[in-house]
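Each structure below is given as structure tokens.
Each of the next two complexes has subunit A plus one other chain: subunit B in the first, subunit C in the second.
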Partner chain A sequence: MRKAILRLVPPAMGSITPLNRFRRLDGSQIRAILHAVFILALMIAALATPGFLSGPALQSLLTTISFIGCVAVGMTLVTISGNILALSLGATVGASALVVIAASNRSGLAEAIPLALMFGSMVGAVQGALIGCLRANPIIVTIATSVLIYGAAQPITGNAAFYAVYPTSDSLLNARLLGMPIEFVVFVAILLICQFLLSFTVFGRNVFMVGDSFNAARAAGLRPWATIIGAYSCAGAFSAIAGIMLALRYGRASMEFGLGYDYSAIAAVLVGGTAISGGQGSAIRTFAGMMIIGIVQVVLLLQGFRQEWQYLITGVIVLGVVLLSPPAGR
Partner chain B sequence: MRLLSHNQHTRPVVLLATVFACFALFDFNQGRFLSIATLTSELDTFCTIGLVALGLGATMVIGEFDLSVPGVFGMAGCIAVLSGVEHPAMGFLLAVLAGLSAGIIQGLLIHRLRLTSIGVTLGGLLITVGVAYVLTDSASIPYDNLDVALAMNDQYAGVFTSRTLMTIAVFAIVAVLASITRIGRDVVATGSDRNAALVAGVNVGGILVGIFAFSGALSAMSGALLSYSLASASPAGLSDVLVPAATAAIIGGVSLGGGTGRPLGIAAGVLTLAAFRSGFSAIGAEPWVSDITTSVALLFVSVLDAPALAGRFRRLMHLGDPADLK
Partner chain C sequence: MQQSGSGAILSIRGLTKRYAGATALNNVSFTLQAGEVRAICGENGAGKSTFVKMLMGIVQPDGGIISVAGTAHEIRDALQAQSLGLGLVAQELSLAPDLSVLDNIWLGSTEVPFFHRRSSLRARAQQALATLGVGDWDLDRTVGALSIGQRQIVEIARLLARKARVLILDEPTATLSDIEIEKLMQVLRAIKARGHSIIYVSHRLGEVFELCDSVSVLRNGEHIVTKPVRELTRESLIELMLGRAFEEMYPERADASAAHHGGLRIKNLHVPGAVEDLSVTAPRGKILCFAGQLGSGATAVTRALAGLHDKATGDISIDGRTIRLGSARPILAGEVVFVTEDRAGEGIFPELPVRDNLVVSKLAICSRWGVISWRAVRKLADDLAAQVTVTCAHLGIKSGYLSGGNQQKLLFARAVGRATPAVLVMNEPTRGIDIGARAEIYRLMRRLCGEGYVLLMASSDIEEVVGMADIVVTLYRGRVVACYEGAAVRMPSILRDIANPDIPDGQVA
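Presenting the complex of A and B:
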């Protein structure tokens, strides 16, 4: 009897089981499900961790992600424009911090902050000019710029930190806005500016087009070099903001401030799901990536994992998220 | 200039000869650059960076990039020091096997899942750094077998150490294999045009996995040898190797676009970088002079390699058709 019924049922209908439904999903649907499962698991782990929702833990999380977050937002623009790995942004953070402390000691913060911003932007623009106008390789140019900045800083600083003559952290960065640290507010402002640029301006549209195909963008009448210079200038300026905030918080500046920021920033960009080959992504995604990495680190810390295990587990999670990203076009 | 910009094979040799000639002229008859001490220092730098540059350069030749080399380098040093006190050879072997395994896993992930090498090797970098911190409890560790450390630094013919000789031997073997076997040709073909290589019958997947395994093994070998030589290991790595190795490979004629580069060119690139560092040190210059000179040289090479340089130059000189130079 059962065999007779099965003969009447079309094979396709007869094979609809949860497992088969899962098998019929395409790659992007499976990745979306796995992403959702991962985020759900992370949220459960965070909420189940004693002390995670406490004020100090959240304040610490928001402050920590703000500095690297500014660099990551800049890295997002560069990545979407099709130029992977701006390895000079960490050096730009340190150098901008030096500029703001040195300038504020001479002429006050009102002049020092715009000067540091201009410095970061110019450093980015020069790299963007080499990459955009000459099509020089972005990895080589940014590695060389990083070595150049660290090398040039040595005779200026004598490998020592610059200290602010007047205390800076009391007046500015200990302030709170709606209970949030001021660094986080600045980071969110940068994030929104970047997302606005990407979503609602001609520059943002050009960044996506150039990242998708440099030659197609040129054939469409765009000036890809100008877009790339713009993307690197913004990345330099955003990194300078991170440097300024670090300098003001600690009342000193050192080239050690930006060490390792490049890798942390690109990890946030990748975890957020921005395409490393360019042409896709958003600043909001990078914010999500930054939050995921930050939450994982806070949860591990509160769960009593030592720092070495935090490094390892963060690495495994970054690799796991990278494995869930769509295949690269080869 | 034409030799520098158009011939990737002669460029490393021309650059190396130019750097040596400049230092020799600057140091005329003072015996600071052309001395045994400076040569020994150069060879020491060659050992630390050389093998990493060879592995990283190989990944660049196939059009990929291995970001995990500093992590593997540091992790291998820790493994060798922790496991090689009683049996140094076993410690060395374990370290190389760990690097090899890391490279194979990364290569397989990149090939099978068709992922970008930057993403996968960034994950590999973070994991190998994490493993090194876990193994050492976040502390630098001494290597108690000082006999091995002394033997590693024993000098032969006045300038060579065991480490130098092993590094030179690896370069020689790889150079011979690359020039007389199919592997070298297949590697270049894979980097030049992956689809064409596939159509021509090249085992592209095997080459990709093999090159990442090669890079991992060489980084591990270099890290283990350095740790034995300095009788210590640190999870942070005893030396920053990624930037110098990438710089040396690029100066040595490797193109990040893939399909270009030879082992002997990379050796010349490493020696050029080593000459910069040791040469400036020998003539009494501050370390930053070497950093700035190296970065300017790297920017110069990147501009020379830039695909749009000729077009921009013609436009500047009003010699070309502006229409194709937009």
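Presenting the complex of A and C:
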């Protein structure tokens, strides 16, 4: 028996060594500390990078994260509702962009935008119905949807882009609010709407409950399936907004628009600290995650790292954060 | 190194654990002799599970010394506890359902080599089962096919096979039926006879007096007293646990409910594979109990009424209005409130604060156009918490941290504070709940009766059925055996009905 203990004199239990003190912190405290340290380091790196604070770099950072950010906010809703991750949002972005360009060429923007929004939320609702009512596996459903959308788009577009007949006016594209690009303003609005939904509406609270325990929600007399359909519809609509903004900015649309957005959005959600197991998280956190990833990428770019390195380092950060997060279902 | 009393196998000094909200255990000391069977009793949240988790290295103490066989150890993890000869059967079972009995017995053991189909391991597993009097079990059966009581025994065999000297059992009988409990008692007595020490955590005092040599009482994390069982009576033990005199477990039945009309009528209820052709009427203001053993269909009836059984059919009406089965409709419409037996799996929302758990289905009345007024929510939650007497540091802590009794009260909060009296359907409403909280829940049930609720409950605890029911429907293998009302509700006839109704009256002692 004694063999189990190599040390001859065990330390008294109450003694407070620095290591002991560290061990006594629970997972969330350690995480908070590491987060803070990381963000501080990032700030220093950003400020020390020449050109970071100059207008163009910052502007392009804000514009870029706005597109992915809309998707990430939708992804947050889906994740909190307990459905791990949606891998169809990138495809929804591309398809919505196609819809808005095609429709605006035919009958003008005023009709095209609501149509594209409706399209996005319908695509989400169908997936939500499959997942919420039939309890189909969310990853399989969303991957299948994504494949379906890419497959369906191919014969329609013939792998070419759709071009807008009437390009968006420059005055709209260059519009600024408090010095921020219009896309960023839209993104922040969506973020606030989503956070409002989560914190202050019955729907939002239901999302948390369903995400924490689907069975408990059912036994309590909530409508978990309806909540899940709602969450996916919102995610679809938010992705459609990203698609619309991309289409308007570039005056064209193609299925390449949403490519890779799923993964970047997932990274933002995870880095922000929304629980993969559902029931916990917030849109604001995802915003923080989005900013962190965005800043890292700009710093890397300005420091002269190549694209591949950017992906690699972003991946490492996501992995690190996921490893630090407490095990699910504690 | 610290030496303690001669035969002491386990000696604990000043064990303390603090959580953000509360002190779970404060300065607890006691000594366990080799071969002693010690009960640990206390209310929900007294710190019993925290205590055993610290012995097993699952939770790290904030202070204190644990000595095993005279040597102080800092127990860092379960593996180390295992090597010291400590073994735990946790409150939540930890077997892998898809693996065989043999695999489960050796799962996670430090002795197992990489290729582990060794005949010696097989022989030792067989021997452990034989020690427990179940040597005839097939080692290759998958654990998923065993009943909960049998799994419990596999867990114990697993500890014996690892040469555990101190067996720690945390509420092993909470989810067992009477027959399975008897079997487990036999097994534990066999282990005791072989000189193992046992630490036995339970809310069932009958078992404590039957099995244990001595009792340690915890209250609010403090060690109150350790006494030999023979110096205690049931009443004095309850008093030590609660810290006050305990008056009456079961509140008085309300007198004839002339004030209430209507109720729930069930006609020809069928649940495939569980219930056949059940018809009963439950009037408002009364408690109707379905009594039956595991597999009698009592649970299935309650789940069907709650809309959680897809294939249930039958004519159900409340006050003459027909409600639909087979979907969660009646719950959704707010006419039926369901209290599950599976608190962790489909009861509470463990990651969400207590406050959210209190107002779950009542968010609509705190909101306008779907927008919540948090002020109204807070007010409602405070009110509900007071009505069902939840005790916790504050309503913002995760409900998963609450003790079992308080979690159960959160479920009952869904029934109270309604505009119109509903139908409350309960399944094992007091499983794993301490005596004090039990009495409170019973009082609450009576109060709801007075308000004109229909109360239906399925219970395998016959004492509870006799103590609470106005009407008892006994079930055996999915069929109604008999229905008793008022003074006819008596223990012997119920026991006979649920055990085997085919034996005629006279032959039962």
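Some observations on this one:
Just so it is clear, the second predicted complex is superposed on the first by the 306 of 330 C-alpha atoms of A that agree within 3 Å, B and C clash if a C-alpha of one lies under 4 Å from a C-alpha of the other, contacts with A are read in each partner's own complex, and residues count from 1 in each chain.
Quick note on the criterion: a contact is a pair of C-beta atoms (placed from the backbone, for glycine too) under 8 Å apart; a residue touches a chain by one contact, two chains touch by 3 or more.
No experiment lies behind these values; they were computed from the predicted model shown.
Once the two complexes are laid over each other on the shared chain, residue contacts for A:163 go to neither subunit B nor subunit C.
Using the contact criterion defined above for the overlaid structures, shared-chain residue A:216 touches subunit C, although it does not reach subunit B. Once the two complexes are laid over each other on the shared chain, residue contacts for A:85 go to subunit B alone; subunit C is not touched. After overlaying the two complexes on the shared chain, residue contacts for A:136 are found with subunit B alone; subunit C is out of touch.
When the two complexes are overlaid on their common chain A, residue A:279 makes contact with subunit C while staying clear of subunit B. Note on subunit A: of its two partners subunit C and subunit B, the one contacting more of its residues is B. Of the two partner chains placed around the shared chain by superposition, subunit C is the only one that A:202 touches, whereas subunit B remains out of contact.
On subunit A, the surface touched by subunit B in one complex and the surface touched by subunit C in the other have residues 218, 223, 330 in common. Against subunit A, in their complex, subunit C makes its touches with residues 1, 60-66, 68-69, 71-74, 80, 83-85, 306, 308, 328, 331-332, 334, 336-338, 340, 345-352, 356, 360-361, 363-364, 367, 370-372, 374, 400, 414. Touching subunit C in their complex are the following residues of subunit A: 1-2, 4-5, 9-14, 23-24, 200-203, 205-206, 208-209, 212-213, 215-223, 275, 279-280, 330.
Per the touch definition, subunit A reaches subunit B in the complex via residues 84-85, 87, 130, 133-137, 139-141, 143-148, 150-152, 154-155, 218, 223, 263, 266-267, 270, 276-277, 306-309, 311-316, 318-320, 322-323, 325, 327-328, 330. Of all the residues in subunit B, the ones that touch subunit A in their complex are 65, 67, 109, 113-116, 118-120, 122-131, 133-134, 136-138, 194-195, 235, 243, 246-247, 250, 256-257, 286-292, 294-296, 298-299, 301-303, 305-309, 312, 326.
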